[in-house]
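What follows are several structures.
Paired with subunit B in one complex and with subunit C in the other, subunit A is shared by the two complexes that follow.
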Partner chain A sequence: MLSNPVVLGQIVVNGLSLSSIYILVALGFTLLFGIMRVVNFAHGEFAMLGGFSLYYLYAVFKLPWLLAIALVPFLVALPALLLEWLVFRWFYQKMFQSMIGLLGLNMAMIYTGLIVWDAFERNIPAAFDGIVRFGGVIAPIDRLVTIGISLLALAGFYFLMVHTRWGLAMRAAAQDVDIAATQGIDTRRIYKLAFVVAIGLAALAGALYGQIYAVSPFMGERPLFVAFVVVILGGMGSVSGAALGGVLLGFTESLLGTLYGGSVAAYASFGVVVLLLIFRPWGLLGKPE
Partner chain B sequence: MTSFKMKATLAALLLAGSMVPAVSAETLKIGAIGSLSGGGTAWGLAIKRGAELAVDEVNKAGGLKVGDKTYNIELVMYDDQYTGQGGKTAAERVVFQDKVKFVVGPIGSNPVLSTMEVTTPQKVLLMSNGYTPKILQNDHKASYNFRFTLTNIEFAPSMMKWVKDNLKLKKVGILVPNDAIGQSVAPPLVKLYKESGIETVVDYYERGSKEFSPLITRLMAAGIDGFDINFNAPGEAGLMVKQARQIGFDKTILQMGGPSVPEIIEVAGKQAEGFISYEMVDFDAPAVVPFVKAYAAKYGAGIMNSQTPAFYNTTKILFEAIRRAGTVEDTTKVRDAVEGIAGYDAGIYGPVRWTGMANYGVNHQLALPFYVVEVKNGKPVNRATLQVD
Partner chain C sequence: MASIAGTDMTSNAEAPPVVGSARGSRGTLIALSAVALILAVVPYVIDERFGYHIAIMVCFAAIGASSLHLIIRTGHVSLCHSAFVGVGAYASANAVMKLNLPFVGGLLAGTLASASLALVIGPIILRLTGKYFVLITFLLGEILRMVFVDWIAVTGGANGMTGIPAPAPAFADPKAFYILALAAAIFCIAVCARILSSEIGRFVNAIRESEQLAECVGVPVIRTKIMMFVIACAFAGFAGSLLAHYGRYISPPNFGPIESLNLVIMNVIGGMNTLIGPLIGAFFLVLVPELLRGYVQLQHVIFGIMLIVVMAFMPGGMAGLGDILASLTRRFGKRAS
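Take a look at the complex of A and B:
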């Protein structure tokens, strides 16, 4: 099968499009852990809110797609500050408590969604319908747009973390929150900023995910699960690790899924995660604690 | 004081109750069971509305004439919550509390089986839907129940013959979930294709996965010229259609299962073009148009699913059988009249024909015509009308 260049090309295109979604989903997750040591079990539910936001803005209120997708992160992340104040802030720097506490929040959000929206899957019409052909290889335009947005988000995120004072402050807080505070960094504000960025990314990922697949109160399960695998592969808290993990998982699924079927792909992804946790528990690009 | 009030209310109720027989001598209660809450609500409403339209028709025409009496029909419906327990509770209420002798509904194997546990021993006649063969194939040989909708056992052989003759497929790809459902759905489907001389490639996906592109690429590399999305839930089936087209699968996509054409069009959008499936009703057929109009007049122009005409049909057949049996008490006589009603045309599906002996050991399965449809310009268009063997 690999000797067929068209199949090989299709594996690469499928791998790229999967990777881009996976990276976007994992970025916010790893940021919350890297800076606040919070394992956000409710991550998928913020993605779900992103999906519903795009559904209303684009499919119901008919806003132009670019405007709608640009509004989604703000529409979810700013009101989510209330949840930050109510729930999240109590779990900063408390990894294990955060797991249980946010698992509870996850349940509450799913079933609130179920009451509000019912269990039906909703479809967000495609903003870009066509396909592009490179030789015999075919790429759907909506997937190419997702790849582009992921790259933009990754670049923007890198710029924020490395080239701005806010990013410097976040990295300082990530290394040692007390010392950062003694240097005059308002860690409470930095945490809020990191929270808004992380939730905004989750919402953006959920909007794109929801448009490619479907929107429902249960749609967050898969993104959460993906974020976990990607972040464990790349290293908890590592941004470049999330990018690497996303690419690895996306291409593993595409290559093994095409060559050996879906079960083998799932088996291999988890096999790698288990091996990694045994031999390099801090992940490929993480730092040992 | 409260207890005095209660006694007074009770007395008033008893008084009212004692006055009822004079009126109810002319009223015949028909039971209905279906989901009126939760995920199956659309189906429960279909039973309710289908039956109501049939009841309205009879009552407007002056009532149902049985022997020398004329009855005004009253529909009594209970919610089964689309569960086995819900079906049982609803059946107990309708049989023991309302003393009803004839029940239409429910939809869904679990509610139907548990409803039967109550109705069959009481010799209450049940006219249901439901997918499991056990509804007809059981110890008592479906002694007091009939099925009014088709299952894959009925439609798949005729549809497969049509596929073989018209689509000229050589190798069909099949994707099913890697769980008990997928593993039970795939083998009979593969067998059916094999008997028609069509090769198959089966692949399994992990339940919950929404990304099928790698697996469809795999099927395409195996050289398939047809892709069967079979019994997958509408959400997954729609994504399969969409993703197959997006990675350039330009050959036949069909569904030997369903029917869920509107939902698949909703999910797959433009990519649903050319998709082939089956439908239970041709809503544009001349015989169906008056029914569609009556529906719109009573319930507004909302979506009607194919179960609504099915239960209208069911209720009308029941009325005709009661009329022919000449009794509203002896359900055995009415059952025999239902069995012998072949040839009666209730309006939508043509003359009644019973089948099922070969598959279930009893001719209590209604043989409905069904339709092969192809999506053209975003709408299902009729390609063929098929009959059950």
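Take a look at the complex of A and C:
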């Protein structure tokens, strides 16, 4: 079956698009942990909000798709600053409390979503149809667009973190908040910035994910599961680990999902995580504590 | 009980300080009798059949929450506890319906199935602490739920299992079952209290404060953690078995992440530092939804917000409210004088 170029091509394209979405989810998750020591159990719900934003902007208000997808991260992340003020700031540098408190936020958001939107799934109409052929390999355009947009977001993230003073400040805060503060870094502002970036990435991922599957109040569960697997694979707080974990998980899921079906892929990824935890509990690229 | 308390007194098992243990056991005794009393009265206050149903649900919640409390006391928050309840429920239902065992056999099968799964998986996941443990138990809970859905031959898939027989024809009546559930809950809470007030309980507290330090002074850290996990999951399976034979119907959503989270919420809202906490929480989480009947979704929103507020401002939970009030009055008293 793998010798068939159509199947192989599909596995590669699906693997790439899944990987890129997973990396977006996990990056934000790991960023929040790396800088604020907050385990964001509500991360999947921000992805859900991203999915609904795209649904409204594109399917309801009929904005051009590219404009809609570009607006989604801002539409979710900026209002989310209110939640930062109400909820998140109490949990900064308190890992244990943050987990339980944000589990609460997760539940509150899911059920608020249910009250507002009901449980049924909404489909976002396809923005691009048609396929591209590379030799024998067939790739649907919308998947390629997903990959492209994720890559753009990742490049933007990389540029922000590595080539700007804000990024430098965030990296400094991730290493040691107190010392960063003594060097004149306004950590409150850095926290807000990191929060907006992380939530924006999650919202974008949720929009792309919702485009491929469907949008519903429960759709955040899968991205959350994925973020956990990816950060355990890659090591929590490690950005390159999130990237590696995302690619590994995306391709595993695409390969096994295509050949054997979705649940086999989920079992396999869990099995891999368990194996990894036995041999390298600090993740592939993380450091032992 | 003696065997549980006695297994780990390896080297010099000196008698624990008398004052501490006496106070501890008297406190738990008072608490236990208070709980038993309230539980015995509750169904008579609320009307008839429905009252019994609520009381039975409180008993189940109390078993789930107090057994989870054993794990939480070691400093590990498990997000898959109700999945172990599910393992017990399915094992028991299968034992009784397919192997034609009597109810006691099913109860044993459920308890053992859950405990042995914990024994296999515990040593792996208990190497992790803090955040990683929480994440892996969340994943484990999802995986077990998927198993409940996918393993149709054993679990009946998404439709679940129906027609599970009552423990005995007499127990089909909620009034009779209530006695059974109350006895089970008291048994479970008593065992938990006994464990926590024994030397093992001190091991547990030491592990929560600092694993490395506990290791240094000779506490068998990983062994104690695994023991707590297995005992807790055994009780979860036990509760699951009772649940299956009370409701007569089980399906995967009964044992999903929301249910696991509810057990955590009982511990958090009630207070994570004492065994009273999860019991308060169990009452609260079963009774409040009855007041908010018809607003199922709003209920969850409210519980979610409560979780945030409790975690942010009163980590001791309701059981810690007394301390907060005491310190407040002391402070204001000082200011006034």
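Assume the second predicted complex is superposed on the first by the 276 of 289 C-alpha atoms of A that agree within 3 Å, B and C clash if a C-alpha of one lies under 4 Å from a C-alpha of the other, contacts with A are read in each partner's own complex, and residues count from 1 in each chain.
The criterion applied here is as follows: a contact is a pair of C-beta atoms (placed from the backbone, for glycine too) under 8 Å apart; a residue touches a chain by one contact, two chains touch by 3 or more.
Keep in mind it's a predicted model, so treat the numbers as computed, not measured.
Visitor: Go through the superposed model and pick first if A:Leu259 touches only subunit B, second if only subunit C, both, or neither.
Guide: It touches subunit B, and subunit C stays clear.
Visitor: Please indicate which partner A:Leu103 is in contact with in the superposed arrangement: first for subunit B, second for subunit C, both, or neither.
Guide: second
Visitor: Quick one: classify A:Ile124 as touching subunit B (first), subunit C (second), both or neither.
Guide: After superposition on chain A, A:Ile124 lies in contact with neither partner.
Visitor: For A:Ala173, is the partner it touches subunit B (first), subunit C (second), both, or none of the two (neither)?
Guide: neither
Visitor: Quick check on the superposed pair: does A:Phe91 touch subunit B, subunit C, both, or neither? Answer first, second, both or neither.
Guide: After superposing on A, A:Phe91 lies in contact with subunit C but is clear of subunit B.
Visitor: Between subunit B (first) and subunit C (second), which, if any, makes contact with A:Val273: first, second, both or neither?
Guide: Once the two structures are laid over each other on A, A:Val273 reaches subunit C alone.
Visitor: Identify the partner contact of A:Tyr111: answer first if only subunit B is touched, second if only subunit C is, both if each is, neither if none is.
Guide: second
Visitor: Of the two partner chains, subunit B (first) and subunit C (second), which one does A:Ile232 touch, if any: first, second, both, or neither?
Guide: second
Visitor: So which bits of subunit A does subunit B touch that subunit C touches too?
Guide: Residues common to the subunit A contacts of subunit C and of subunit B are 221, 263, 266, listed in rising order.
Visitor: Write out the stretch or stretches of subunit A touching subunit B in their complex.
Guide: Per the touch definition, subunit A meets subunit B at residues 1, 4, 7, 10-11, 13-14, 17-18, 118-121, 123, 125-126, 129, 131, 133, 138, 140, 142-143, 212-214, 216, 221-222, 253-259, 261-263, 265-266.
Visitor: In the complex formed with subunit A, which residues of subunit C make contact?
Guide: Interface residues on the subunit C side: 77, 79, 124-125, 127-128, 130-132, 134-136, 138-140, 142-143, 146, 150, 257-258, 261, 264-265, 268, 297-301, 303-308, 311-313, 315.
Visitor: Which bits of subunit B are touching subunit A when the two form their complex?
Guide: Listed in rising order, the residues of subunit B that touch subunit A are 39, 178, 203-206, 208-211, 213-215, 217-218, 220-221, 234-235, 238-239, 246-248, 266-267, 269-270.
Visitor: Would you tell me which residues of subunit A are touching subunit C in their complex?
Guide: Going by the criterion above, the answer is residues 33, 39, 87, 90-91, 95-112, 114-115, 221, 225, 228-229, 231-232, 236, 263, 266-267, 270, 273-274, 277-278, 281.
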